[in-house]
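Letters A, B, C and D mark the chains in the order given here, with residues in each chain numbered from 1 onward.
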Amino acid sequence: MIKVGIVGATGYTGVELLRLLALRDDVRIDVVTSRELEGTSVADLFPNLRGYLDIRFTVPDDDALAACDVVFYATPHTVAMKSAASLMARGVRIIDLSADFRLKDRELWEKWYKEEHESPELIEKAVYGLPEVNRAAIRDAQLIAVPGCYPTAVQLGLIPLLEKGLVDPAHLIADAKSGVSGAGRGAKVGSLLCEASESMSAYGVAGHRHLPEISQGLRNAAGTDVNLTFIPHLTPMIRGIHATLYARPTSDVTAQQLQSLFEDRYRDEPFVDVMPAGSHPATRNVKGSNRCQIAVHYLADSDTIVVLSVIDNLVKGASGQAVQNMNIMFGLSERSGLDTLSLLL
Amino acid sequence: MIKVGIVGATGYTGVELLRLLALRDDVRIDVVTSRELEGTSVADLFPNLRGYLDIRFTVPDDDALAACDVVFYATPHTVAMKSAASLMARGVRIIDLSADFRLKDRELWEKWYKEEHESPELIEKAVYGLPEVNRAAIRDAQLIAVPGCYPTAVQLGLIPLLEKGLVDPAHLIADAKSGVSGAGRGAKVGSLLCEASESMSAYGVAGHRHLPEISQGLRNAAGTDVNLTFIPHLTPMIRGIHATLYARPTSDVTAQQLQSLFEDRYRDEPFVDVMPAGSHPATRNVKGSNRCQIAVHYLADSDTIVVLSVIDNLVKGASGQAVQNMNIMFGLSERSGLDTLSLLL
Amino acid sequence: MIKVGIVGATGYTGVELLRLLALRDDVRIDVVTSRELEGTSVADLFPNLRGYLDIRFTVPDDDALAACDVVFYATPHTVAMKSAASLMARGVRIIDLSADFRLKDRELWEKWYKEEHESPELIEKAVYGLPEVNRAAIRDAQLIAVPGCYPTAVQLGLIPLLEKGLVDPAHLIADAKSGVSGAGRGAKVGSLLCEASESMSAYGVAGHRHLPEISQGLRNAAGTDVNLTFIPHLTPMIRGIHATLYARPTSDVTAQQLQSLFEDRYRDEPFVDVMPAGSHPATRNVKGSNRCQIAVHYLADSDTIVVLSVIDNLVKGASGQAVQNMNIMFGLSERSGLDTLSLLL
Amino acid sequence: MIKVGIVGATGYTGVELLRLLALRDDVRIDVVTSRELEGTSVADLFPNLRGYLDIRFTVPDDDALAACDVVFYATPHTVAMKSAASLMARGVRIIDLSADFRLKDRELWEKWYKEEHESPELIEKAVYGLPEVNRAAIRDAQLIAVPGCYPTAVQLGLIPLLEKGLVDPAHLIADAKSGVSGAGRGAKVGSLLCEASESMSAYGVAGHRHLPEISQGLRNAAGTDVNLTFIPHLTPMIRGIHATLYARPTSDVTAQQLQSLFEDRYRDEPFVDVMPAGSHPATRNVKGSNRCQIAVHYLADSDTIVVLSVIDNLVKGASGQAVQNMNIMFGLSERSGLDTLSLLL
């Protein structure tokens, strides 16, 4: 029985962790923290949990958390970097869903997050929790930096091409569309139904914090510098990321070669589904599931490779991937608790 | 008083034409045709028109239509090419919202639409009704081919760059997102609320009929061949197109230069609104209005120009643009009946 | 030229007032106030107004407002009751979209709004701005209390029955469904797209502030006490109220009698549309328009009258009705600026 | 291992059955029929099933279906009544999600469904599959008539009151709101996203086929005739039914008594969750789950009981309830495969 603590479980990645863990036989949720909701029953805030989870929010407390085998941080950035170290010193394993330990370059982190990093010594220790790339390292990690939602969708779509050196790393484009849950449960005008439904817009064109994270991963895959244009868009739906990825081949390719490349790369991956040639994955195919569905197209007329990559931003893009990391860390089947079917509709 | 006929007014562009024309003092809707709904009151089908339009659907009849000053075709392709010629012979002016006369290259049209063109002699006569490019020719035209929705959003976003030769015409990308009304009022499973809401997907990656139309317009603007990758996406909203356009500068540019270029190009255009530098137009800004809002960004890190262009696909992308053409053809103020504010929400 | 001031124009009823007034030839918007956005261009906040309204938010200032012919309060309750009196003393006419002057019973107001009323002397002076009931009094009023959204939909649906004494006033039920814009532009978790879309729920079952307002209006129509059960529901859409009203006839009725009753009652009303017998009005029929569409049904099996009444909560339920009042007060055509067609889709 | 056949699995209740059954260890899906999609892989039609279900649609074939332990009919009405008898004669157990065997009164069925009933001899044999009422009979049934979606939500909300004789059976009102999936996967204009989103309307006011089914169930609970006014509404969301139920108490009651009544009635029910006093259940609480959440309110001012009852129309209102019946019939834990948490968002 794995004893779990969740710091900051009042947001969307928090409730999603609870949904994925509450029914498991091999996991026990011992601590769920929230400063502002101390004493409130978790199921009062999230009524889908009524009858399935009988626990109250408590103020974060090191002793309670230290008694856990693993602590998830479902918090805004800067929380984990301030408090994970002391828990780690007491032997707790940490799975951080925030951005605190995703970038290996501390200065880059500080530039984009406009804060001084308070646990620089942990940056190197942290394992970037993208199982399709780092499975072995995840197994033994004490600290996991769970990838961001956009970075997951974009990296899974581009790394097969970059690993093989098939595309020009200097001209990559990721046009990404996200559901509104990516903006979190914070009460912001821009996330109101009346503002965000029945509309589509780009945002952060001048620079989005996920750009350096994606670039780091792509660089690792390519073994060389990459130049990525990344444009995120707010899309009028709750869940889902659709990444449309454009790359230029460096030599002659065929659609069939690309299809085989992707199928081979992900053949043994439990949560990456390469669709048949010619497919158009829809985000609803993976709504509520931990899957990434990918289709690869080659447009001969414009000599352009187009990869379509969809995930549920709250599952494979956050809490599901966090649980997948936990499964690997604790030697469980990687599919445990994640072998669920999308609602589709 | 301009006497108007509308062929095929049971679809979304049809009801939108009715909305834009029904309250005008200088226009009288005399004929509204539908084979299947003959005899039905138009306001019974579209209850927003109750009390404002007292007319019934009639079977298309050449004599009745020939008595009109102008006839709009709000029909699927192939209808106009079969029947417009006889009306034109009787002096009627035609505004065709379908694709029948958009492509100047008859063979290209036949390849993409998989039909023989039945009025090839009219192809040359037809004026492509994008006022921002063809205003003078529209004035005297007897036959207008109203641009498609994607082509309007994409061309308005790229032509300022191409006209000046500022970008590489061999590497253009248009990642376009459309609301579901673009698929029309036909009863298709893919357009059902349960299929199309809460999901995002690309479609037609292998080739969309709007691609040759867009390429034709871009080529005219560039004065040279262009190579465009065009990927349309189905977006869970009713109205709106958001085109995200990627181009590579051919020489050094600055954001300020680009901003000035767009402002200069569209300064006198009543329906193109160049937003301030750094803006992110949202489709809801133009919902129900005939405006195109555009923002241009220069990303220095990746040396890429990103243009964001939004329209309401049923207005500037179809019926509003058709009315704008009519206004020009009949010497009216171009803004007549179109000077409306978006609902925003 | 009517000089207009708007206090508190940053919310949804504010931007809707601006949409309805900005293009009018006979109205000039002179003052638009907002404490927090002082100096900001109104069109920067609401980009649908770009190019149509060139004015900045100013801090509320009595002298500036006193120079207006009419001042709209698009504010939360308690603002108007604190500041309208001094403007009225200087001759300004006031149209208050908030609840401050809707209830004639001061104690009842204080009970439901949990505040002391600061302008009790104005309560009697205020005219309840439901033109279908109070047109004559509106003409000469200096202070209008614009009805709430639910009260408009429910009263228009029930008063024909109550005025004629046809239904049992002791057993009225109003099951009302509202789009999320009714909750305003405030950043509340419950109004987030992720919370409010793809879900339906009742709220305020124990008591909603619109109940006493509706009851007051129904009592006036009936000439006797009424007993109303009013249950509002949050509905996953932006705009619209659908009121489903249940009443028991006090004597034998037929569907035809009811149909005639409603048609006669509203024959001359420019903004109430009684639909044919058997109809089911949809809120989209009136989206963006000032119309109320009503259908009346008689269910013989259960001897129950069911009235379906739909409005756009932001137009006939707020800002459109406010403008309708202004038109009446200033001797303009009641339809001025309001004769618009719903978008339908 | 229970061998399962599904007739007509191309609709929404069909794909929902597949979602609920595909991952079970104790169930094997042997036959999935569709005349028009013969030979197509089920996972090609429903891509959420890719990798989880490897089976193709076949033409309905008695021998193949007769080899199953249980056959689900996820078909429009009249299919089951034509073909179930021959399967039953060969020992197969039938769970019919359609309306064919729901009404015990054959004439009433023929009146509402406008068809002659072709298996009248099975009507009496059929057990109405509402486990909260008929659990014992379900256990031994060979033929289950799964309740309709509205009937499930309404009956679970009203039967505790009627069983105890606490409310006037002559004056019951059910104002019910359904997501669009209730209209099925058929390509109908009214179910298009552009028609059904951003709008709310009642339908079937003159009479809906679920009315006699609900009345039958309520009459059984009350032990006397009931008179119900039932008004369904189309709501702009995919899943969910929200029933708002109005009843008049026959004697003095308190909110506390009502709360206890409901809690007692459903204490041992695995899929009915009585919420705390004062609650407002939202349909999203049960999205994707087999739960019915209920809150009961007493409005002293109008002496009216208001019950709020929410379900997922495709789960507890159709396929989930069908599986619950199967679990009971085969002596499995009633929760098998249904103990899932709602997505909430």
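One rule holds for everything that comes next: contacts are C-beta pairs under 8 Å (C-beta built on N, C-alpha and C of every residue); 3 or more make two chains touch, one makes a residue touch a chain.
Everything quoted here is computed from the prediction, not taken from an experiment.
A comparison of the B-C and A-B interfaces places the larger number of contacting C-beta pairs at A-B.
With chains reduced to the mean position of their C-alpha atoms, the one farthest from subunit B is D.
Between subunit A and subunit B the centroid-to-centroid distance comes to 39 Å (mean Cα coordinates, whole Å).
Taking the mean of the C-alpha atoms as each chain's centre, subunit B and subunit C sit 36 Å apart. Among the residues of subunit B, those in touch with two or more other chains are 12, 179, 181, 194-195, 197-198, 236, 238-239, 281-282, 284, 287, 345. In the complex of the two chains, the subunit C residues touching subunit A come out as 12, 180-181, 185, 187-189, 191-198, 236, 238.
Put simply, subunit C touches subunit D in their complex at residues 171, 173, 175, 177, 179, 194-195, 197-203, 205-206, 227-229, 231, 233, 235-240, 242, 244, 246, 248, 278, 280-284, 287, 297, 299, 301-302, 304, 306, 308, 310, 345.
Subunit C meets subunit B in the complex at residues 12, 15, 19, 22-23, 46-52, 181, 198, 238-239, 273, 275, 281-282, 284-289, 293, 339-345.
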